[in-house]
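Common to both upcoming complexes is subunit A, partnered first by subunit B, then by subunit C.
Moving on, here comes the complex of A and B:
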């Protein structure tokens, strides 16, 4: 957690005197509320006042909606206000989960939900494994003694900062029928491919583009993990005549495992939630070949003339349950990795 | 030249053991890095190059690398500039002529130096004369439909406002959770941790209802406030504040400082590194936020850059020359900020990874 002193100095230099004065002014102004409150409440109860703003926003915009969402999932109709929505119990869930053959989305009542679920499964599996692999290789390359490491590190990180809409448009332009990629294919004597009209190609590119856009983030985390491995271990290994492969297997991998787990779980959760880039790049198409779960929720509840809020809520309760399991898994893994470190 | 070569290939051991040879691993390493530069920057560079192409130039297949536009010439007797072509005659002669009009497979052309006489040329005998030109009109013309200044202002308000509010309320909560003992502390912390990974996209419908009730549809507040109480921020700051010794707080109390003063004059400055990391995250989240603003903001005067760009590309699906130009404009601010602060940002994020 130690940010370098260099970073702090830069921040200070950037902030400067003026910002400090504004900071003191604003904090003194807030103190006009907080200091009399302390006289009123006493020191001990000030803690409640300190958590209050965050707790209020949290309760109104996260906790309450979460509970309300479960109620929504048990009502139907196009009315937004809960009092106008007829209660239907588990009907939405029953409809959502009704299939004659779970292997074939076409046999399900809500075939789009199951298609989205299957697409999300495919997307998560390939995107996360690709992401971990590419980030690991990149971080190990960056960890070697190289010229201009800072520059290369920034190169891989740059797309992380680009907004999903920009990322999607960049690649939409490259991948279109008369785009530069097809020009290259024709140039080397192959036939051009209409990537966005073929379901498999579209999914492949959706996965590759999202790896392109986010790998820099995980590379940085893994690089920090690699750099925290003491160099003495490798020196000792070298004295004992350890080969590079052996050093990787017996020093790097085990010591990097906790960081790898963080990367794995973070990228897993982010992949399950994926929406923006795919939505702008393919719109879920062709057909519904790249429609992911969050897009299904958005389309069912908002992106349509006849919103079905109940169905959207039922789908999101399902997704929330999956994410909760993933989170619990991470807490478990997190505790495990702490033990591992200690 | 050899000095440059020696500099480029110099490695850490140089000097002590003399220049080491390049190993296979070195070649692979630099090959990987250079391929990385091409793959990471290439698409962005291609976007920028394309955004300066004329509509005609964009429709070409295969595309040209650089923006090219047909050269035109002012010819006496014609009000508009005429496009120039190189014409290869059947007798083997070559001339640079201006095209007056095209009729079917024939083109009527004149010599710019001698505009009196019209020459008829078959269209497959001529090739356009093209020069490098940046089609800046892509940018200037789309301004009438893409309200960049408004979208940028909205994005900046949302990003800065939300980040400031997040920093203040998260740090206040983290201060209470790390420095006080009170009933309900553990319960509050547990509930916050449990929602660490639940994104707003899972609770779209009810949050939308709440926003409607509060009257924040088509208001920037509706974008700023719901995501301000980030569980990540509270968690990050609390973990950091736990490392600040309580004695510092007690000595402040002995000096008669109020709890609020202890918070902002002692604890916050000491937590600056963690606050900086949270600030970076918050700016990234808010600047790039798309789904939630898309739902809350339906009137274009409230659009953020991302929502505005999405609407713009939806409206003009085939007019790539405008869409590309506005995409470049949208990625410009974050690129400038990143190039100024890249060291700070990358070290900051790397530092959260290990214990985040």
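Moving on, here comes the complex of A and C:
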């Protein structure tokens, strides 16, 4: 039977009334807790009560695992549960940092850790600088009134939507011995190149693929930053006869600096944490030429038949500390440039 | 009307109750499995028969990739107590701490001692009389060659004792004559390298039974591998291009991109299906060195896991699969060398009309008497995977110039010593 408009209105009123009653009931129930709590704690301390649920989630899922990881870093052996693991204090860290010459991984007890550290340094430097540069150029181009601007904005963002594993598999297919790129090279009369069997080539491609996969995201952030710069500033600059280069140096770059800092921090953290794409693309090889820190941690703790959880935890504590220092430094520099701008 | 509706409701309630009741009464066991070929299909059929005869037990097969599933994930699952009830493993001794001793649950433990006795020692600590499981196959490592390529090149296949250097030379000639990209390929594992190294005189274990890697035999074999990767004899995609873990070279052989493939008997079933008669694939005797002409024994076993909540049901499943007629069917249809002494002596009727497969299985069987005692000792050594993995990873670093051979040998020994120390095996 079809409902008449009156019936619908009555239904809505009933539903609205029901919702209001449930809401009132919930608030009354909450009041039973909050009112005595407010009397007990006082109004000013009530803020802590409100953030308590969030803090609990943070403590259980972030803080506790972090502390547990630090404890694992001070234990050894193949047992999984902490209570079954012998406590060894700082022995894992001592082993990790024992080197005759820090520039030569072969002189270190844990040579793979230092190879991974060196590879990560190279990867982060070139990937982050390349990423920022390419994203900046792309965002500036996309900020202009070019033909099919919407289409190009979508195209550059598309790889961000792909799973990192899919990205790596696509590029593996392109770069392998019988891959698309070598077919093209042979097609134009050149010799094929074993990109994945040469350390330098492999690292170069790992960096390029990573930039390709993620630049869309950072381009979008920078584009938003560019669009927030008032057009009047450029108009005023044009009246004063500033060239395009001068406008970029003295208007665009300083006003974009806070956004650039966000991009820098985000891309740096992402680059240091890089694992999935590289692991699928090269497996860390050839040899250990593209093994990054997170892969070292994974391989030491999980990717082997004789896991060394303690050493993996020690390496991850080290990585966390480096990341923390780098982020704090960047934030400090960022605040400095913001003050300078003000 | 009311009467009919009530009856229908009653019937539906009873039916649902019956279904829920039987589902609740049914024990579900999980078996972690991997496939070399299509043997999982045969195992599933055997399990289906078990389930038909035992409706109170359901066995779910979780088929996983060998490298990531069996070698990497399973040990972690077992360590965390979250493992399956039954698993198919190749690291027989290394995971023995997690195995269930089936002996108290078996109706006839004598059958197991009699038919699986020597292989049970591979699965249990020294001196233990536990029965953790049985072998799904015995394996022997050895080389396959693409005989059609030899024929096309007009080069005869070497006969009689032949060294690795001679095989490398002749397969290079065949590859050059036929335009085949590579002469040889070897699975990326220290296990596959062990046979050739023992043939050259590598000892692996010292007088106290501890791993000792650096000796002239090992150096010689490693240097050959380094040279073959440098001069393009060996396909570099497997050892150099697959960092971090085990990698098989079977795809290159199946696609006729190599002349010789160093692998083992477990490939026979797969090659029968994938190559068929597209070209003649032939097993040749393990190449010789001054010490032996040996491959490595090995195999995979199905083991019961100690953390299971249903040990009695697990034992029933294991007893059913391990029955002689079921294993005869499994080995025969999977083209696996039997790991059951009764079947090994009575013979298995291999379900193939491929003369290539039959010849390959015969050739591998003929390799068994030639296996060197050191090869058996290494197979029985519970931390053999530590040794093999260290050799695999460090040797690859030599190929790409990260280490010299001397440095690699030092690192291999250091890696093994550190792993044994952490495992409390010193």
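What we mean here is this: the second predicted complex is superposed on the first by the 276 of 342 C-alpha atoms of A that agree within 3 Å, B and C clash if a C-alpha of one lies under 4 Å from a C-alpha of the other, contacts with A are read in each partner's own complex, and residues count from 1 in each chain.
Just so it is clear, contacts are C-beta pairs under 8 Å (C-beta built on N, C-alpha and C of every residue); 3 or more make two chains touch, one makes a residue touch a chain.
Treat the numbers as computed from the prediction; the structure is a model and nothing was measured.
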Task: In the overlay, answer first, second, both or neither for which of subunit B and subunit C A:106 touches.
output: second
Worksheet entry | Which of subunit B and subunit C A:280 touches, first, second, both or neither | first
Max touched-residue count on subunit A (subunit B vs subunit C) belongs to chain B
Q.
Taking the superposition on A as described, I'd like to know which of subunit B and subunit C A:220 touches: first, second, both or neither.
A. first
Original post:
First (subunit B), second (subunit C), both or neither: which does A:80 touch?
Top reply: both
Would you sort A:122 into first (subunit B), second (subunit C), both or neither based on which partner it touches?
neither
Touch check for A:302: first (subunit B), second (subunit C), both, or neither? both
Could you tell me if A:251 is touching subunit B, subunit C, both of them or neither one (first, second, both, neither)?
neither
On subunit A, the footprints of subunit B and subunit C overlap at residues 80, 302
Touching subunit A in the complex, subunit B uses residues 8, 11-12, 25, 29-30, 32-33, 36-37, 39-41, 43-44, 46-47, 50, 59, 61-63, 168-170, 172-173, 175-177, 180, 182, 185, 188, 191-210, 212, 225-229, 231, 234, 239-240, 243, 253, 258-261, 263-265, 272-274, 276-277, 284, 287-288, 290-291, 295, 305-306, 309-310, 313, 320, 323-324, 327, 330-331, 334-335, 338, 341-356
Per the touch rule above, subunit A residues touching subunit B in the complex are 1-4, 6-8, 10-11, 23, 27, 30-31, 34-35, 38, 43-48, 50-51, 53-55, 57-58, 60-66, 68-69, 72, 80-82, 137-138, 141, 144-147, 150, 152-166, 169-171, 173-174, 178-180, 182-183, 186-187, 212, 216-217, 220-225, 228, 259, 262-263, 269, 273, 275-276, 280, 294, 297-298, 301-302, 309, 312-313, 316, 319-320, 323-324, 326-327, 330-331
Touching subunit C in the complex, subunit A uses residues 76-80, 106, 109, 111, 115, 177, 194, 196-197, 199, 282-291, 295, 299, 302-308, 310
Touching subunit A in the complex, subunit C uses residues 71-72, 75-76, 79-80, 91, 94, 236-237, 240-245, 383, 385-386, 389, 396-397, 399-403, 407, 411, 414, 419, 422-424
